[in-house]
Every structure is written in C-alpha cells, then in structure tokens.
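Scroll down for the structure; my scribbles are underneath it.
Chains here go by letter, A, B, C and D, matching the order in which they are written, and residues are numbered from 1 within each.
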Amino acid sequence: MRYGYYPGCSLERNAGAYHTSLMAVAAQLGVEFAEVDDWNCCGATEFIAVNRLRAYALVSRNLALAARQTNGSNGAARGQLVAPCSACFLNLSKVDHYLSESPALTNDVNNALAAGGLSYEPGSLRVRHLLDVMVNDVGYERVAATVRRPLRGLRVAPYYGCLVVRPGFRERFDDPEYPTSLDRLMRTLGATVVDFPLKAHCCGGHMTQISRDVALELIRRLLKNAADYQADMIVTLCPMCQLNLDAFQESVNSMFGTEYRIPILFFTQLMGLAFGLPPAAVGIGKEFIDARPALARIGAAPPAEAEAAPKRKPRRNDQSLPLPQMPEEE
Amino acid sequence: MATSASLSRTSDFFREVVAEAPVDPRLEACLQCGTCGGSCPSGPDMDHTPRALFAMIAAGMRDAVLRSNTPWYCVSCYYCMERCPQEIRITDVMYTLKRMAIKAGYSAQTSAPRAPGFAQTFVDHVENYGRSFELGLITRYYLSHRPLDALKMAPLGMGLLKRKRLDLSPRPIRQIDQLKAILDRAREIDAAAQLT
Amino acid sequence: MENEFQPIIVGFLCNWCSYRAADLAGTARVHYAPTMRPIRVMCTARVEPEFVLKALREGADGVLIAGCHPGECHYVEGNIKALRRFTLLKAMLRQFGVEEERVQLVWAAASEGKQLAEAVDRMTEQLRALGPLRWRQRVLGEQPVARHALEVEVGG
Amino acid sequence: MNAETPDRARHAHHATPGAEHGERVGVYVCHCGHNIANTVAVEEVAEWAGQQPNVIVARDYKFMCSSLGQELIEQDIQQLGLNRVVVAACSPHMHEKTFRTACQRAGLNPYLFEMANIREMGSWATDDREAATQKAKAQVKGAVDRAVRQQPLEPLYVDINPNTLVVGGGIAGLTAALELANAGYHVYLVERDSSIGGHMAKLDKTFPTLDCAACILTPKMVDVANHPNITLLTWSEVLSVHGYVGNFTVRVRKKARFINEELCTGCGTCVEKCPVRIIDQNFEVGLGYRKAVYRNFPQAVPKYPVIDTEHCTFFQRGKCRACEIVCPTDAIDFNQKDTFVDLEVGNIILATGYEQFDARRVSQYGYGRLANVFTSMEFERMVNAAGPTAGRVVLRDGVTVPRRVGIIHCVGSRDKNHHEYCSRACCMAALKFAHLVHERVPEAEVFNFYIDIRASGKHYEEFYHRVLAEGTHFIRGRVAEVTDAARGPGEEGQLIIQVEDTLIGKQRRIPVDMVILMAGMESRKDARQVAALFGLGCDYDGWFTERHAKLDPVVTMTEGILVAGACQGPKAIPESVAQGSAAAARVAGMIGQRVMKMEPVRASIDASSCSGCRICNNLCPYHAITFHEDRKVSEVITALCQGCGACVAACPSAAISGAHFTRDQVLAQIEGILWDARQPEVLWLEPQ
C-alpha cells in the first residue's frame, strides 16, 4: 500500500513524535507514505480568516502537487493523500469538496495556481486521515496480527477531537458525535478503553492564543472527564489536541487548583509500543507530562482476567428495565 | 437554496455576507432553533450566540455584527455545522465574518481583540516561509501584540525547546517564489472581484 | 440576452406523474423556460420512436420524455419499456449525428414539480449551447435554397 | 350572433367556413380572471385561433368553467353546429370533466373535446408574456389539429365487487372496516401483527382529552372481531394483487401461529408457563419482556397467542413442549403450516401506518448509550397501567423516581439530516407527557425543549395553556446534546441537557434525571415495496401519494386503491380516524353505484393487419392480450386493458390502435404544436 503523505507543519517539529511513530508503525505494517515534495502550510484555521481566495489557493497548491506526484504520469489512477493532522485533513478535504461544488471557485483557484504553473482538478485525489487508513485499509486484523506486546492493563481514553469526524465532507468513516474506530483500535492493541463521553469535543484549538481562559476551561473539561473514568492516559490523533492537553495541563492545574497528570500520546505511539518497538523509536519522552510511569506496566505480567466479571442474568425479582439494543459494534 | 429573486428580498448586509462566503452558506434557511448556540464550546463567552448573530445579519445590523466577538471565539469544532437541522454552513459564515471585520477595520474593536493579530501574524509567516514557524510566530505575536503576556508564555516556549519540539529558525519551502506568485495572483483576482 | 436563441422542446408527459409534476410546478409558481410544449400521453410506453422523429423533423430542437420513476409506473413498468425503446432510439440518433442532449428521458413523480422545471431549464441551456437542430440539413442532407434563387433558376 | 351575448364574450372570431376536414371546431380561451390573462395575451390567442383551418368560432372569456362559460360552449354547439370543442384554460386534471359534461349536455360526444393547458403549463410557469402567448398559440393549434382527428367514444362500464380489502389494523384501518361493515358491505381486514390496534393500543392516554386509549379502542377492536361483515386475518400479509378497480384478486398468506384457533380459548396458560423470556421489541418497544408464546397484551384481539419460532425452545432445540403440556384444550399445533387465501374484492384501502424514527440516529442525544434517555414510545409504555412498570414513572433501574424530567421535541423531525417534515403529533404528545409526569410524580419538575409548539387542533391550544399552568418549564431551543460528562460538582451523576435558551440568547446546561426523546414518525421501511405491490406512488419520504393533497386526500392515482391514516403522512388519531371514515365513504359510494364508468382509453387490434408476431403479448402488464392459435392473431380483452399504450407503440404492423391516443391524433398534435417551428422562407432541394 502506497499513499501520498502530507505531514503538515506540526509534524516537522512540535509533533515530531507523531511523525516518528507513524513512520515506524508504517514500516512494520508494510505501508509506504511518500511525502509530497515541497508541500506548504494548509493555513490552519487562521489563513481562511484573513483572506478567502488566497486561503483556497494555498491549500490547492498542495492538492495540485500531490495529484501530480501520486496520480502517476498518466494521471489515470486516483491517488490517495494521507494527512495525520486533523486540521490539515479537514482543510485539504474541505477545499477539494468546495471546489467540486463551485465551478466559479475552481476557476479562480486555477487562475491563481497558473501563476505557479500548476492546476488542480477537484475530486482527482482522495484525501484521507491517517486513522481512517489504519482502521479501514490496514484493518484491525492486520494490526492485531502485528501486536507483539499487548498493552494489557493500560486504561486509555480515546480522544478524537473535532476535525477528523466533523464535518466529514467526503471521507466520513465514523460517527460525528460518538466515534468508535479508535476505541476498537486501542482494544485491538490490548488496552482497556474507558468510556470517554467528551471524546469528540473541542480541545480549544487556537483559543490558547486568543482567550486563554476559554481554552483552559475546555482543556479542563477533557482532563476531568478522563480522570473521572480513571484513564491512565489520553490517546489522540491530532498534533493540536496533543499540544493543548499536554503543554497546557500545568496551566490548567494552576488556574483551577487541580492536580491532573495525564499523559497525552499519539495513537501511533501506542501502536508502536504494542508492536514491540522501544519507547525511543516512537518518540516517547517528548511529552510534557511524562508517560513512562504509566507505560511501566506494559511488559509486566498481564493481570488476571478477573476484572471483567461475567454478566449475570437478570433475576426474576429484578425490577430494572431492559436497555435499548444497540447494533453490534464489531 | 437562495435564488437571485429570494436574495433580493434580504438586507444588503445579508447579501454581502452570502457573496463573501466561498460557497452558498444557506443562511436564509435559519429557523432560529439555537442548535448552534447550544452546541458551541465557547458559546458562553460570545457576546451573541451564532443564532442571534444570524438574526442580526438578516436585520442588516452590520456594525453590531462585525464588532461582535462571536466569530473570533469560534474554535472551528464544526459541531454547529454538523448538527444544524437546516444544513447551514455556520463555520464558514464565521470565517467570512472575520474577513469582513478585518476588511472593514472593525477587528480591533471587537471584544476579542487578540484574535485578528494572531491570525495576521500566522498568515504573514506562512506567506514568507510557506510553512508555519512556531517560535517566530509566538515571539512575534506576543512581542508585537501582547508584550505583557510574553512572560506568561515563556515557560511553555522553554518547555517546547527543551523537548526539541521547537525550531530556532524557520525552514522555508524550496519553491517559495512559486507560492508567492500563486498567492499574489489570488490577491489580484480577489481585488478585481471586489471592484465589479 | 434579448436575441438569445429560444429552443423549442416537445415534451411527452406521462399522465400520472410528469404531467402532474408540470401542473404542480405551475401551481407552485415555479418559473422555468417557456420552451417546452407539452403533449399528454397515458404512459411513456406509448411514445413511439416515430413521435420523436416527427417532432425533430417538424422543427423541434429537442424532445423531452418524462415519466414515473422506475418502480412507480402507473402501468407497472411502462417506463422501463420506454427506457429500452429510448436506448435504441438514442443509438439511432447518434448515427444520424444528433447530439445526446437533444432527446432526453427523465423521471419526475407527481410531487416533483421543481425537479421537472429544473430538467426543462437544464435542457434549454444545453440546447441553447448547441444551437438550432435543422434536421433536414443535418440528417437528410438537404440544402435550403431561397425561394427567389429557385425562381431565377426555373425562370432561366 | 355576437350581438346576442355581448356580455359574455367580448370577441368572437369567425374563420372561413368549409374547412379542410369538414370538421367544425370551436375554440375557447379562458382568462381565468387574471391568472392567465396577466401573462398570456388571451384576446390575441383567440383572434389568431379564429383564423386557423377548421375553426368556426374562437372566443375568449373571463371564466370558462363558470356556468355562463359552459353555456357559451353549449350554445355554440347547438347554434353553430360545432362538432369539436377546444378549451384553452387550466389543466385537464382540473376541468376536463366539467367541459366534457357541458359538451355532452349539448349533444356532443365528450371525447370530441380537447383541452390546452395554458395556465399550469403556461401563465403560471413564466413571466415572459411574449413567450407565454406564443406557447399558448402552439398548444391551441396542437389541440385543434388533434381534435379534428378525434372519434366519438362510449365509456366502458365495469362491475364493482362489493367486498373490500383493508390492509392494516390500526385505528385508521379499524375505522374504515367498521364503517363499511356497518353499511352492510363485507370487509377483509388483513393485519401483519398477531393482533389489531396498531400504535394506539400501546398508548395510555390520548391528547388533548386525556381519554384512556384502551377505553376507546378496545370496544372498536371487539366490534371488528365480532362483526358478521368482517373477516379478520391477523398474522397475515398480502402477497400479490391482480386485476383492476372493481375486480381485484388478492392473495394473502396466513402465517402459522402454531395455535389451533378452533380449539384455543385464549386462557393464557401457555403464556404463563412458557419458560422463555425475551425483550419485546415490538409491542413493548424494548422496555418490557414477553414469552416465546405470547400475546401483545392480555386484551389482544384476537385472543389467540402466537409462537415465536426464533426463540421457542422446542423449535430451536426440539424439546420443552411446556405449552403443549399445559394447554387444557390441546390447541398447540407445532405442525401448523402457512396457509394461503385468495380474496376477490372491488376496492382496497391501505392503512399501513408509520414507524417511529430510530432515536439512536441522533447520537448526540445518547439514546442507547445513556440509560435514562427514553424514547416517547417507551415512555408511553411506561405510563401505561398495563405496561412494564404498571404505570410507575421510574428510571431504567426500575425503582428510582425521577425528580427532573427533560422532554426534547423534534427528534428526527424538522431536521434535514433526517426528516425535513414536522411529525405533527409529537408536540401534543410532549405536552401530554409533561402533564402525566406531574400527575404521577407531583414533586417533579418538567422541562420541554422546543423549537415551536404546534398545537393547531381542536382544544389543543387550550391543552397547552393547561400544561403551562401546571408549572411545566418551556425552554425555546433545539437541544444541542445530552451528556453524562459533568463539568463540576453540581452536575455529577445527572444527565445534562445543553441548549441555547433562544429567548434569553444564552447557553444553558439543565441537569435532569430522565430525558424523553420525542422521536418523530417515518414511513414504514417496506413502504416502497408495498406501494409497488398495490401500484401506487410514494413521495420522497416514503409516504403514499394521494390523488390531490387538499381535495382528494384518500384516493390514489390508481382507481380502486385508497389510503387512510399515517401511511399517507404523519397524523394523530383524529385525522387518522377521519381518513378511515372518508376512505370508507368513497368505497361505499362506489359500491352503491354497482358499476363504474371507465375511460374508454383502450387498445384494440385490427385482426386483418395483425401478423401474429406476438410481441405485444408479453408487453402487456395486465395480461390483457390473448393469442388465437387457430387464426394466428392477437386480441385485446377490453375489460383487462388499462390503456397505457405500450402495445400500440410496439406493434410492428401498426395493427394496434389506442383509442383517444391514436397515432394520427398524436402526430397531428405534434405538427400543430410546432406550427411556428418550421422554416417557411425556404424551399428544400434534395441533395445532388
């Protein structure tokens, strides 16, 4: 499996651990990520706030480069472009979608791209998020088969944040309100997944720079929710979410008088550990809240299975009402 | 969908917002149900909920809307857009209102005065280097817009540096001239569109 | 816009769905191009290829056949029969060099006035782009001769 | 003659008599007040029409459908000897009948009348006066040219079988069946479930009167079961429908109950002793349990239980037989097989009802994930004295009484992500729930979260006021989400309803113990298959399409197939009952006439031209064409033909003719409608 790969600015440095770990994991799974040559920033959420057409042209340059580099010389195959960052994924797929919807916008964008000798045909690329590729293309089975050191006993809160599941223009692969694909991936690695009702809520995004109080409150809610369910760590799939929850955790503690120390890791880091890679190979140690104490449990003898008591049949005199049936998850 | 006939019955400001949006935001369909205002993570901090803002747009309250902090408090979580029963592209409207506020010179007067500066600093960096450069972004943003807060951010910056999560110098893309040419052309096209 | 080419479309409308859809479009005051001239048939299955050819020969620039959605035919599956016949007709017209867009088959339920109006608008735009059909020159290879030219020739 | 009726017709345009076909056509162009005249130059059209071949007289008039307009036609027929009439006005679906009758009164065969639709397809569809006038002329010309080729036809008559099939045993179907049965006609009532009563049988109270649903429904169910004119077929499904109005043949499958109805006394001992207990997803909507041999409820009609083979230990593992052992009348029959019944009926009333929207689909409200989020139908069962909690309002643990209850309106309705329409009945049901919570738990607080309160029925608004006066909180805002994630100590252990209170313009978080989701109505999952089976249409949302939304709501486009109740669109009980009665009245009227007049639009085969190729034989959806082996020709059986014309178009020998849509009629209309499209200024030469 070969994909065009758009790392995005964060993975170059502040989320370097994400890049390192996803590359290591890809190698284990036999997936090739070919970085788009000379890609530029996707504009995050800021560029579009300042200029409309320039923002669309900025993103379209990436699409044009990626289409040229991944679709092959004849352009026949519809290439796939993978973004590990949620904001990059959203910007790339949203621009592709809006260009398809509006021929006028496409026309303007292509006029601008022409100044750099480029052009882009909407829909000629399939923009995917890394998680989507991992669970749907690689698949749980192959992941399970690659696990060498199950993460038994590790209680993780799967955190999706916003932009991977919403608004889901082209590539919706999970529920926008209560996604479960990361939950299942973590269980495949052997971890215990705690209920995490705020799993798709906002980490504050750029609000840390605009209104610190607003942002810290949003981060506090997430930390509290994970702590309420006794999660050992929060696992994430977006550099912005990781940065906000990790780097601002101490600020939250000092503002609200709390004492949270919840490590925030990328899901690919846990995949790598479960595949038996050494911590350094997946970028462990770069986080503000040290993940090592929690990770110390991995490799220890797996605890007895006694934790999950078998379900008892409802007794005759039990007055409780049946729960609504949900479709089987797996 | 708004037709030219139905749009002609809306306020001037309403039409301006629709014209500025990248694709049809379907604003005319608003039922005033409040799903957006209820869903918004920063809703309590906004001076008007998105729903109220849409009513104000319909009423043509240009000043009050462009002065509002609401768009600047949007965290782009897309909950409103996902849940809107009328499929209004609320997040896009927020971006549109930000651009209009900057253009109209209202951005400094909003009750979220820091946001436009941050956005502009970010844009400048990307236009110069092709990629975002966090250290430069943060230092320039704080030094030029919020010198007093720079101290508060210093420990974070040091932490990132210590963990090798921050570059000391920007890494521009190779074909920065190509990108600049594209962005310049986009600026010209936009400017020409404004004239007509 | 004043002198824009106004194509003429003959519309064969099924009595049960599309004719009512067109009625509904009017009742709902959905405005669309006044280019479609309706002919009511009980079912699209009644539309003989000859009807279409006749319309094109008589000067129509396009023919629209509109029936019930597949599975909703008043006569069980007359629309499917129409579709089969239509496919053959299209193949024939293609050999004559008549463009795809000139003969169209669309589905419009009785509740889909807006959709039918949109189909007429869309087709009108397409025909406008194609220009007049001029069946006799195009298909029969006849050359128009001005009346006076002929008179001169005959006279000479 | 103009002088005689100056007030009626402002203009009359006479053409040269002695037209090419010798037919004498009168053309009448209607103003329809301003409806047509504002956009179409009606005088100009009439004047122009007057100059066309065969046209003897052409007039324009304010309202052709008025009695004066009709008299104008009648007078002209008699005085001018017209033998064809063309009216350019509205849609033939509106007034074709009116003008045909007028022609008939004046002694003209009604099929020598033709209509040009210049209103719905003309003046109402454009603002362009010039183009609309030109189009109107073309339509008139087409109609005139077609009319001169029309032939007089005589209507066909079919006998109406007085038996009626009603499909669906909910309140609409029950009402229709009883009305017809009481009028003395026989009814077959087919119900898919094991007993009748539909959704209404699950309810406790009905709004706004708070009548006990069972008290008003049970007597009707018993009447149906005991009525000598009603054959009740429960646990049965319609398999196929053949024929046409007046003469349908319907095949019904009676599924095996594994209970001998002749012997069963309905004592219920088998149900009591059955060891298998499963969650009842059907009648109890998942809130309660039932056995493998079960009745929906103790007063179910009919009283016979049914065995659920999927869960019965005997059917699954070949042992148990507890029911067989305890049955005092040996009514259990494990060997029972499905049986098939063929019914002959004249009319069919579909009353197949609705399904409740699946609230899991609005995942932000947490149904299925958060235990104390309930659907409205679950709550109906909960407050029902015969339901799983015997009417106690409790949380999912079956014990705790909620102190704060939130009721969320418009779940799945008024939402383009799900159903754009309003489900009509939920606002009132929500008000009823608020009242019932107050009644059962006087100290409880109830919050209604709404976009708009829709209380537009008799005594509905008054009921809303009553609930307001009872102290129910109303918060205007569509709920954003329901969560159990507490933000602080005040929210621990509760469900939080997050909403913008739009009347204040602020976001609020309201902690409650119980949430009720007012899930809307949607069409049955198999509505499209059912529609195809009976030959009627569905709209975008899967609701059955009526002939006219306002004026003909219970009749469909297919003669003899009627609809009643929520299968046609969301409805509460009163409207469903009204439609059931209306459908019955329409059927009774038809039966009363004994025969029905049918359009003589039928195919016929000219035996001398028929080549015997048999292409038409397989094309006919009604098997109306038979082949005579002896003479090697095909023949149309007129009574079976429905006049679609598929065979006419397909006949390679042009031997089949479709009355009123003959080839030369349609070709003439094509020519006429394109009168201005030919290029008149050139002659055409054959290519060299």
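Basically, a residue touches a chain if its C-beta (ideal position, glycine included) is under 8 Å from a C-beta of that chain, and two chains touch if they have at least 3 such contacts.
Keep in mind that this is a model prediction, so the values were computed, not measured.
> More C-beta pairs touching across which pair, B-D or A-B?
A-B
> How many angstrom between the C-alpha centroids of chain C and chain B?
Whole-Å distance between the two chain centres: 49.
> Distance from the CA centroid of chain A to that of chain B, rounded to the nearest Å?
From the centre of chain A to the centre of chain B is 23 Å.
> Would you please write down the residue numbers of chain A that are in contact with two or more other chains?
Chain A, residues with two or more chain partners: 176-177.
> Could you list which residues of chain B touch at least two other chains?
79 - these are the residues of chain B that touch more than one other chain.
> Pull out all the chain pairs that touch, please.
Result of the pairwise touch check is A-B, A-D, B-D, C-D.
> List the residues on chain D that touch chain C in their complex, please.
91-93, 117, 119-122, 124-128, 131-132, 134-135, 138-139, 142, 528, 531-532, 535, 537-540, 545, 557-558, 601, 619, 621-622, 642-646, 648-650, 658, 661, 663, 666-667, 669-671, 673-674, 677-679, 681-687
> Using the touch definition from the top, list the residues of chain C that touch chain D in their complex.
6, 8, 10, 16-17, 19-20, 22-27, 29-43, 45-48, 50-51, 54-55, 58-60, 68, 71-72, 74-78, 81, 85, 109-111, 117, 136, 140-147, 150
> Sort out for me which residues of chain D touch chain A in the complex.
So the residues of chain D in touch with chain A come to 279, 281, 286-289, 360, 363-364, 367-369, 371, 375, 378, 388-389, 394, 396-399, 481, 483-487.
> Please name which positions on chain B make contact with chain D in the complex.
Within the complex, chain B contacts chain D at residues 31-40, 43-44, 48-49, 51-52, 79, 83, 85-87.
> Which residues of chain B touch chain A in the complex?
So the residues of chain B touching chain A come out as 20, 22-23, 41-42, 45, 71-73, 75-79, 81-82, 91, 95-96, 98-99, 102, 112, 114-116, 118-120, 122-123, 126, 130-132, 134, 138, 141, 152, 156, 159-160, 163-167, 171, 173-175, 178-179, 181-187, 189-190, 193.
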